[in-house]
Amino acid sequence: MNIATVIGIVFGIAILGFATYLSTDSAGVFINFPGMAIVLGGTLASTFICFPLKEVMRVFSTFLIALKREELPTDHYIEEIVAIAREASSRGKIHLETTLPGIENEFLQNAIQMLVDGYSREEIKEILETRIEQTYQQELSSAGIYRTMAKLAPAYGIIGTLIGLIGMMQSMSVGLGNLGAHMAVALTTTLYGILLSNLIFLPIAIKVEKRIEERVILMCVIRDGTLFIKDKTPAAIVLDKLKAYLPPRRWASIDRSEATGDEEA
Amino acid sequence: MNIATVIGIVFGIAILGFATYLSTDSAGVFINFPGMAIVLGGTLASTFICFPLKEVMRVFSTFLIALKREELPTDHYIEEIVAIAREASSRGKIHLETTLPGIENEFLQNAIQMLVDGYSREEIKEILETRIEQTYQQELSSAGIYRTMAKLAPAYGIIGTLIGLIGMMQSMSVGLGNLGAHMAVALTTTLYGILLSNLIFLPIAIKVEKRIEERVILMCVIRDGTLFIKDKTPAAIVLDKLKAYLPPRRWASIDRSEATGDEEA
Amino acid sequence: MNIATVIGIVFGIAILGFATYLSTDSAGVFINFPGMAIVLGGTLASTFICFPLKEVMRVFSTFLIALKREELPTDHYIEEIVAIAREASSRGKIHLETTLPGIENEFLQNAIQMLVDGYSREEIKEILETRIEQTYQQELSSAGIYRTMAKLAPAYGIIGTLIGLIGMMQSMSVGLGNLGAHMAVALTTTLYGILLSNLIFLPIAIKVEKRIEERVILMCVIRDGTLFIKDKTPAAIVLDKLKAYLPPRRWASIDRSEATGDEEA
Amino acid sequence: MNIATVIGIVFGIAILGFATYLSTDSAGVFINFPGMAIVLGGTLASTFICFPLKEVMRVFSTFLIALKREELPTDHYIEEIVAIAREASSRGKIHLETTLPGIENEFLQNAIQMLVDGYSREEIKEILETRIEQTYQQELSSAGIYRTMAKLAPAYGIIGTLIGLIGMMQSMSVGLGNLGAHMAVALTTTLYGILLSNLIFLPIAIKVEKRIEERVILMCVIRDGTLFIKDKTPAAIVLDKLKAYLPPRRWASIDRSEATGDEEA
Amino acid sequence: MNIATVIGIVFGIAILGFATYLSTDSAGVFINFPGMAIVLGGTLASTFICFPLKEVMRVFSTFLIALKREELPTDHYIEEIVAIAREASSRGKIHLETTLPGIENEFLQNAIQMLVDGYSREEIKEILETRIEQTYQQELSSAGIYRTMAKLAPAYGIIGTLIGLIGMMQSMSVGLGNLGAHMAVALTTTLYGILLSNLIFLPIAIKVEKRIEERVILMCVIRDGTLFIKDKTPAAIVLDKLKAYLPPRRWASIDRSEATGDEEA
């Protein structure tokens, strides 16, 4: 479960709600349904023009799935690849076929499948690298949807405020007290736009981009690992080489479980 | 038909129109013809200074054509290339000449033509890569026209508002009620500028840029495919290699139609 | 003659002038000489600090020259290079010396001179690539002068407005009517700054940058062509390879004139 | 001890405090606890959504550690590597094992360990380069947390001001004097946001980024040094090559201590 | 002497001073010492947090030195290198040692020293390229200090204005006339910030960056020249190759002095 995100959202809403409650005695002025319609509706409308319908839908569902799982366990995959390397050197590559159904990660499964099918080193490298590059480009362009929304929301906030101000000014004779109330309502859309952008869209964009980076690193680990197995590199050296993808402070956990693995072997 | 764009435009205009209708009882204030002339006219004037006349014209027509067709079917071309590869290996490269007129895509047709003409691998690679690079640069610089307009429109919106404000202030003795009405009119140009930029120019720029990326990927698929045919790679491996350009969720459709293709063969 | 630029400038000034005329009955308020001095003078002053005097001067004259000529005719040079290639293969490289004085483009002339002088392929490639890279860097850094001015002008516009506002506020007791007139004058400098930036400096910067890109592509065409002649590539293949630098819609004109050329030969 | 940072913080607070003291007789208006809660709380909330909890925590502690130590002494490491190179050439690589426990820097220790373990040149190069690349990416993405906060703080400052203004306007009948006091309170959050961003978050982001660059250069020095030792390059040439990573004005210190080292040897 | 910079500074101050003099009858309002303290002091404080004390100091002195000298004479160095190449080919590399003390440029001297010391081509190339890369990175990061200050100054200008406004509003009952004077004072800090940024910091940043580019090109010329001498390239070809680093309009001067040099030889 993704604790930081939950803390962030709950804490952010609580802080802002409390500060709003303190600053006024009639909090109702902050709720402006036509204003919300302008900001949310306008942002969505522009987003639908920018991106194909399917992609917008897919990005939303991707995000929900991504939220559930914490950081991809690169350590885990390094151990899995080292185990496969050990098996490949002791039993031969053809026996890898039996391990195939047990591999959860689709990219690793495809890579091992190519080993079993006897593709050449160059072919494996080329195919895996094209896939990494394409995945990176496609995901990044999907993540761009959130970045685009983070840019559009404040613009529609200002659009809403301008519409409110123009409407108000055109009938300015209403008196100063009323003027204030109208202006307050007009300003709420700017508030919505900036808030949506900075509390929701921008943080999600950054989070999704970090996920993509982690996923690409994992794919690089799998690519390198597969090529090491193809080259019949001893499992100990495979481990040393793949460890370079992790920060040193996370080496301990792998070394420990590897030691255990060696005892088992 | 491009559903997302239509939804976006209709939805955006409806939402903003409705919100405007709610915020004032005389919606006429939002229609300011001299203001529209400043924003649209100024933006177009600056655009004509930046870019050659022909290119501006071409970009507009390109966009209309692009709007009609949905996403370029990379899957379709992969199947077409695999079919050509199969034919080339069974019947020889010279028979490819008969398939040439049936190829709709100009870039693929040129590539196959070079195969038939017996160009060397290096020559084919060099020519196709120069064309991909040049196409990418030229299209991107055309798409820059929309990005430029998205930047210019809000600037001319502010210019219009400043002209309105300066004119108004110079004769400020007109009384407060009238002042409001004048200010409302002055602010409409800022509204036009931000709206044009965020509902029209920026979304179109993003859409056109995404189209270009898709087109370049398609050209890379065709380049790789042509080189695989030149290398006499078996059709099954060609399929495996080209599939790497697609996200895994779209592999199913190709595999299915390929299976059918195999039965036919 | 560069029609788009002329249309842009005339149209832009006409639209803005007409809108200004509509918005006020005393257009004189828009003419503020001290304000113009601040915006233009300040922008020029900062520009002279940024860039050496010679370069600023050269950039202005370069621009005037560039304005006169329309788009560099890459097609024309491709034909010229193919003609040279044909001659080189039929008469030998030494006879190229006679064609040297007829070549207008300095870069092409230098490249052919190196062919005549018997430089090695590697040397020709190295020298031409250094020149392309250096030309690109130098021109781009010159074009940066316009980008810098496009950034400075609005800043000096705001500086002028602040000077006006501070002066006005300090003697605020003058009465409300007068206040408006003073504020109108103060705002004109912001108007000048934004207008200069968006109607003049930014469009020119973009135009100059596009010219540089076209020139670099032309230099790449000449580099490749020279190396093809050095490699004794047949003229027909040279044409095919260089055509890749043009968008397909411009191939027709070359093919047609080439066909004529073949008849002549 | 990091003198510049301490000077900066003390000086910055003193200057602003003094200027604030001069500008008003009741400085209490600048202290607005709900406003602080909005800016700090909102910024932290968005940050927690963007980044995993562990990483945010780690970045704060990393920063405190980094503050304590001044600039990483690249000179020192060059001398250490040259000393190791001298020993390796005089006593053989296997004797390097005895020097291992004396090496403080973890990255250098790992690199020398690989030399002792007899890894091939290619393997050492590959592993060290993957680690440098990964360290750079990971650290830079951590430093991005400060950049993100520098962007979020002013946005929440404006959010706070908007909340204050809307609350105030809604009850505008309170009278003009009171209005000023309310507005003053509302504006404090914008002040907090800009101040936090420009005095704390942005400077820290820049400082951390510079530290990362220095660390990567140090890692490149260690990588090159290790490969030179593998290649049995004479110690004098190793020194010459590694000196290229330092600006000439810092060569003197190394040359001096090297001269001493030679005497000792 | 750097004429453009002097013209720029004198002209900029004169224009702004004159415009200010015209806009008000009591220019004293533009002099606000606490405001200057906020903008200058705050900007310096943040800069000291960002960068080590030594680097800030060094950058200021570097700038003063750089101001004195006009553009680095790349032409001059090309001639010097060609002269060295001529001598090396006629008298042998060992005689280069006698020319060493006469070389003013430290980088060129080091490069020739390596030739004399008999380093291999690969070693010379590697060392010089590391130095160029490192010099570029270090200088650019120093130049970043000015860019940072250009960003900070307007922010502290707004901070000063906010402090002034908040102080003023809190005691708004003072009457409208006084209000104007207070507001005028508050706005001066924004004026200081924008002016400092656009007349001083940004232009200096751009100037320093251009100097760095020129210096790197000069270092590339020296690197290439040294390698040509190592390869025993004839002096005439060395001249041809190095000329590619200059724009054609500056070739004439070299060719002329070379011709003279040939007569002397």
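Per-chain numbering from 1; labels A, B, C, D and E assigned in written order.
Keep in mind that, in the parts below, a contact is a pair of C-beta atoms (placed from the backbone, for glycine too) under 8 Å apart; a residue touches a chain by one contact, two chains touch by 3 or more.
Here the structure is a predicted model, which is why all the values come from computation and not from measurement.
Least step count on the touch graph, chain C to chain D: 2. Touch-path distance (fewest steps) from chain A to chain E is 2.
By the document's definition of touch, common neighbours of chain B and chain E comprise C. As a whole-number value, the distance joining the C-alpha centres of chain B and chain D reads 41 Å. Inter-chain spacing, taken between the CA centroids of chain D and chain E, is 25 Å.
Shared interface positions of chain B, i.e. residues touching 2 or more other chains, are not present.
The touch graph of the protein chains shown is a ring with every node of degree two. Starting from chain A and moving next to chain D, the ring of contacting chains follows the order A, D, E, C, B.
Interface of chain B with chain C (complex): residues 34-35, 37-38, 41-42, 44-53, 56, 106, 114, 119, 123, 126-128, 130-131, 134-135, 137-138, 141, 144, 148, 151-152, 155-156, 158-160, 162-173.
Looking at the complex, you find that chain E touches chain C at residues 3-5, 7-9, 11-12, 15-16, 18-20, 22-26, 29-30, 70-71, 176-177, 179-181, 183-184, 187-188, 190-191, 194-195, 197-199, 202-204, 206-207, 210, 213, 217, 237, 240-241, 244-248.
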